[in-house]
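In the two complexes that follow, chain A is the common piece, with chain B as its partner first and chain C second.
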Partner chain A sequence: MAIATTLPVAARAGNGFGDWAERHSGRIMVLPAVLIVLAFAVFPLIISAYLSVSRFALAPGGYKLSFIGAFNFRRLLVGQQQYHFLGTFSAFGPLEWGVAVLAAAALLYWLYSYLISGKLRPMGLVGRLISAGLGFGVVLLTLATIVAGGFPGSLMTTLVYVFVGVSIQFSIGLALALLCAQPIRARNWFRVIFFIPLMVTPVGIAYTFRMLADMEKGPLAPLRFALHLGEFAWATDPWSARLVVLLGDTWQWTPFMFIVLLAAVEARPHEQIEAAKIDGAGPFQIFRHVTWPAIAPVAATVVLIRLIEAFKIVDLPNVLTNGGPGLATESMTLHAFIAWRTQDLGGSAALGYILLFVSTVTCVSFFNFGVARARRYQ
Partner chain B sequence: MKMRNLMGGLAALLLTSAWGTVAHAGMYDGVTVNIMTFTGPQIAEPLQRHAPEFEKATGAKVNVITVPFSDLYTKLLTDWSSGTNSVDAGVFAPQWMGDYIAGGFLQDISGWVAKDKDLAWDDIGGFFRDFSAKYNGKTYLIPLDGDFHMIYYRTDVLKDAGLAAPLTWDDYVAVAKALNGKDMNGDGTPDYGSCISKKRNAQAFWFITSVAGGYIQSMGTGQGFFFDPRDMKPLVNNEAFAKALAVYNETTKYGPPNEINLDVGDTRGLFVSGRCALAMDWGDIGPLAVDPASSKVVDKVGAAVLPGSKEVLNRDTGKLEACTAATCPYAIDGVNHAPFASFGGWSGGINANSPDKVKEAAYAFLSYVSAPAQSNVDVTIGKTGFNPYRTSQFKDLGPWLKSGMSEAAAKNYLGAIQDSLNSPNMILDLRITQNQKYQQVVEDEAVSRFLAGEIDAAAAMKAIEDGWNELNDQIGKDDQLAVYRASLGVQK
Partner chain C sequence: MAGTAAVPRSLYARLFQRPDPASLAPVAKVAVYTVLVFWALVCIGPLYWVLITSFKQPITVDGGPYYFPFIDFQPTLDAWTYLFVEVGRDTVRPYVNSVIIALAATFAAVFIGALAAYALVRIRFQVKIAAIVIFLTLLVATIVAVAAFRVPWTIAAAAAIALFVLFLSTASRRFKGALGNADIEFWIISNRIMPPIVAVLPIYLMFQQFHLLDTHIALIATYTAVNLPIVVWLMRDFFAGIPIEIEESAQVDGCGKFRTFFVIVMPLARSGLAATFMLVLILCWNEYLLALFLSNANAQTMPILVSAQNGTRGPQWWYMSALIVIMVAPVIVIAVALQKHIARGILLGAVKG
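So, the complex of A and B:
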């Protein structure tokens, strides 16, 4: 700084571009990346927003797009495609009403706690209202389409894949990570074996699992005959079909959880573990008070990444069941893909935007109320 | 502008004259033709097999690109409408050509066909030549296949049980019920009474039309099956369609446990491995059943025209009524049959926006595959997926006998197709704008939900009716009605 002030005026004028470049070097460095993001992410997002309020139709020499407002969204939420997206509702009984009231009370209490916490901020309140609204909507939808005896649509099916699938994958991945972190023989061999499914292309996984799940000719068929299970077809029952999709998804994604959690588990502070052992702590106490606080930030992050990915599930239901039986295994992405395949580009884009909203609210909520809390351990 | 039109016309004239020439070695040296069709082995197999022969004969390299059936329509549309034009020709369902022509993507090949003696155009059956290949009087497609739904039955099993081939759908259900659970291939495990592909988002959505046909259409092809040609009212919410859904659902009880997740390839495999007493399919099972490498039912298979009904729909009341001479003029022994020309036969069309030399080579290849020298053999091979569509293929039994079919079986198989083809009450497949959405989306989805137990028959019928009405309103009901009427007015 001192040197700059001693430079003659002419010298400073001669280095005008250099100074400007130096002053803006950060922004210049970032600009290419910004342009790429704009071109490949934001621009398609804007175009698909336009598509979601349009109707695509073929026309001589190409196609035409007509503006139809929110029709595509109305069609999915309250119109002709409601059964497909939200599901078929059944009337609430006492159980459903009871659970709904409890859920509403819990969410209201949560909001009230925030209001009186002294940390009230406008954006924080808006975010919590959106999260609570979506959460309550999901509870109502679950009650109307699953508990009360209706039929889930692609939204509820996706949420089942996301929350049930990610929970199972996290549990198995963590268990395997804890096992492989033990000083056991052939530890590296186990790690490679557990990691293999993640390295196979998703469609390859789907076809492999389709062969594995074939109860007539697949590897499990002899088991069916040996156990005298009779004619069994998982593909004809909605929940067994969803379960098979979940199994395939778990087979594919557990290695991802496993490998990241293994790294976190192995990075635990060994001094603390040894100290805990000296103090007489058992394995569960060590896990609860040493291991979990150490891996919680990584665990929260890996779950967040997996949540984002899980919302986009399409390969397995498409290959295994084509979304059937009926609509039972159709995820939102597959729903959107099928709509796109039939030229319903507007409906497909509308679905994409709803998926974006649901996954963003879910992941931001998880980040704010899960990851942020986990980081407090650090 | 005028000069450009003139030059364009001249180029077209020169191009047209080229079709009359006989392909010769080196004629298309350096030309590459990309043809898209569905993932085989059927349909893609003969194209892939003939491509090297064609390259050797003409120099043109033919790449056969395959995609899943459910993607084929859109893949072609996307490639052509976006101007990518990486696909020079497609082998697809003729009912989609209206959408492709509306966009200006399909080449009018009327003049080229007229000059092409090797193609033996007049040998192609009238229905395929005049309906499947043409649109508004112009020829856009070259037929490679003939398609009708039929039923197949195990002659030995029915004979042993003292049962006759089903004439009505009630008969079909009764036979399926009687034979379900019997061991029909001697492997010690119970087999199935009926095998019908019912998988969603696959090629199964045509089958419900085949069941409903005899209940809904009785006054001839022009009466129409899908909509009332008077006012475009969908004919899917009435007692006749409800009866068809009930029959269709009941056949599931006597089928493989995972029948609602089986595609046509799966049910064909089950039938030729001796696991089904009855099956509904296109003409593919006939040739597949005589392939000793894979079939356990050689010379044990009968084919028959689709079963019918003794009751038909009164379109004014929506009720089923007993057939009379007035309401079922084409009934045979009181049974109204309505054979369904489902799909219309795989046919080849050329991208109008491909380079001229490539279009010429693409046409020459499709013509080569369709020519009697190739197709008369191909239709006798089960794995090709090609079924008879030329007059010579029905008259000359030679290739059929050579393929391993007995004379009796060949006559029975070809007779069943001809009964369908010659029926004055044949159902034409839907060929209105965006027909894919009507059948492959709305109808397929509702019937799948019904079969899965998600909704009852009434809800399924309402879903189809509402979906079709919504599409009519979106696309333009009057326009759709005009196109529908025009499609029914075609003389066979």
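So, the complex of A and C:
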């Protein structure tokens, strides 16, 4: 798209700084951005890779790095930090085995249908193998730590925040967008109010939800008496603590889904809706066959952007629950921060790399199998 | 509500059917408003609670929930005087830090990002893949040489740059494969996918080497870098929307590329620039993780102050609330006043993907 609109570089022969700058104007304009990205993204990525295979130790006059291979990764995945990162596993019962076999069968069928589809490409196969492998690993981990009754580690907690949080935010955002697109008054007021939470500093949200979750003197305390809950605190049970973090996250990010989906809903084809109504289609049929196809590309894109950001969650668990009770609300970024604070830079870098891997694979998979498909839908 | 039909409508029809196609049935209308008002309360409620808590005394906080100033509790300014008079210096310094860092980083990011976005929209680039491969190889080799074989970093960097220039001036012409504008754009934007935790450790060590930890410069530079992709992403479309004829006629009149950009293009794109600026400003203001690593006492920003005070004064709701109010007030004012513009920026980013 950019090619058709480019300006010709002025072909003036000449010397002097002005002409030199003019001839190289494109490069000069892009160079600062490229240098900054090199210095703050590419260079750190390489150093981080180096750190993740090293042991970091303070030494007189600085620090010392010694190469230790994949030790940092092994410690997280199978070693003494496994309980912290992957969680504590429980033995599988019949239910867990059943689900695991079903998941494996589904993924194998998916790979098989790709193999016989005739569109086989080496890169496509490798990508699908990675996606399927990670997906199966996540299923096994979920079964071993949540379904079978173990303790989830920071990886599982992050995945819960990402997938549960994004689903809830998308559902509420879509529902609100559909309601707000109805012919009602004061629509702009709702729009402004619904937008506010997105801009509020996450650390402030975290502390506010800490107050709201206080069932002794917080604003929701009367509910405790109304429901006869007795002594009850959100932050003492692992799942309720995670729920409070999710609530804070949902409060902040639903507006993002809302504004984007509202724009998509308002742009849907009105003639088709009128035609469908005349043909006697109910609201659900209209949604299924007119509205949803029209907004699917935008919906997929907005979920993708939210997925990218959701993997970075750290402020809410750190301030709201301090990662507790135990490790229950610790996200991977918080885990890496705690590792860094205890001078374990190698472990911290390894965690960062695993997070990069998981989030990239998830987002690329979602892009290839979700966004691209939704766009073809149109 | 009676409808336009001459036949009197039944109660059911009057409640559940649309009086005309352009409006809702009364029951549906009540349901829609109920849900929307409920969500509006959900959005406002927590902020209202923080605001009133900042006017409470310890006794009104601990005595159970009170909701309405002057009705069920007497508001005082105790927390506010404490915040601004007794510990005033500890409050104002992080606040000023936050303002300086957010403004400087936003200016830098928008300026550098807009330049790059404009060039990527209007000027054609060809970057040899071979050059990139050589560059990355040299970078890795330099790092390994410095870290593992204790070569002084100045010598290693000079050698690498010399080799790279040598390659560019000799062998690079033989390679054909090249990347275009779309690839460069994608490369810059894709940095947003990278979780900041991966990059922050080396950035921390880098600033430690330069003795810049806990300074404004470190935070400004880092914030500029993390927000560049967003600026490029958004500005690209604002620039592409400007008719190219204006720029062409400026060029015909002898206006150079830089002058065209500053004198003609920037003013034309000012609403887009403003939207991007506000969005990036808010992102810088709210940033937490990078400041957690890179600042300590001297360059501490507001989110770090709140999170640190949460550890020591967590139960003092009145003080913490006042602190949060001054932290989020500017962002909320911006959000309410410029909702349309900021939302447009977000929309643009999200819709085209």
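The definition used in the following text is that the second predicted complex is superposed on the first by the 343 of 378 C-alpha atoms of A that agree within 3 Å, B and C clash if a C-alpha of one lies under 4 Å from a C-alpha of the other, contacts with A are read in each partner's own complex, and residues count from 1 in each chain.
Following the convention adopted for this analysis, a residue touches a chain if its C-beta (ideal position, glycine included) is under 8 Å from a C-beta of that chain, and two chains touch if they have at least 3 such contacts.
This one's a predicted model, so the numbers in the text were calculated from it and none came from an experiment.
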*asked:* Contacts for A:Thr321 in the overlay, against chain B (first) and chain C (second): which applies, first, second, both or neither?
replied: first
*When the two structures are overlaid on chain A, which partner does A:Thr88 contact: first (chain B), second (chain C), both, or neither?*
first
*Based on the superposed arrangement, let me know which partner A:Trp253 touches: chain B (first), chain C (second), both, or neither?*
neither
*May I ask you to decide whether A:Ile338 touches chain B, chain C, both, or neither, giving the answer as first, second, both or neither?*
first
*Applying the touch criterion given at the start, work out whether A:Arg55 contacts chain B, chain C, both or neither, answering first, second, both or neither.*
first
*What is the contact status of A:Phe170 with respect to chain B (first) and chain C (second): first, second, both, or neither?*
neither
*Return first, second, both or neither, reflecting whether A:Ala235 touches chain B, chain C, both chains, or no partner chain.*
first
*Between chain B and chain C, which makes contact with more of the residues in chain A?*
C
*With the two structures laid over each other on chain A, which partner does A:Ser25 touch: chain B (first), chain C (second), both, or neither?*
second
*Regarding the shared-chain residue A:Ile36, is it in contact with chain B (first), chain C (second), both, or neither?*
second
*chain B/chain C common contact set on chain A*: 216, 322, 340
*Inside the complex, what are the residues of chain A that reach chain C?*
1-3, 5-7, 9-10, 18, 21-22, 25-26, 29-30, 32-34, 36-37, 39-48, 50-51, 65, 67, 172, 175-176, 179-180, 182-184, 190-212, 216-222, 251, 255-256, 259-260, 263-264, 297-298, 301-302, 304-305, 308, 311-312, 314-315, 318-319, 322, 332-333, 336-337, 340, 345, 348-349, 351-353, 355-356, 359-360, 363, 371
*asked:* So in the complex, the part of chain A that touches chain B is made up of which residues?
replied: 55, 57-63, 80, 83-84, 88, 151, 215-216, 231-236, 238, 321-328, 338, 340-344
_Interfacial residue positions of chain B with respect to chain A in the complex_ = 70-71, 73-74, 77, 81, 83, 99, 102-104, 199-202, 256-261, 433-434, 436-437, 440-441, 445, 448-455, 463, 466-467, 470, 474-475
*Where on chain C does chain A make contact in their complex?*
22-24, 28-29, 32-33, 35-36, 39-40, 42-47, 49-50, 53, 61-65, 67, 112-113, 115-116, 118-125, 136, 139-140, 143-144, 147-148, 180-182, 184, 187-188, 191-203, 205-206, 221-222, 224-226, 228-229, 232, 240, 244, 247-248, 251, 256-258, 261, 282, 285-286, 288-289, 292-293, 302-303, 306-307, 310-311, 314, 317, 320-321, 324, 327-328, 331-332, 334-336, 339, 342-343, 346-347, 349-353
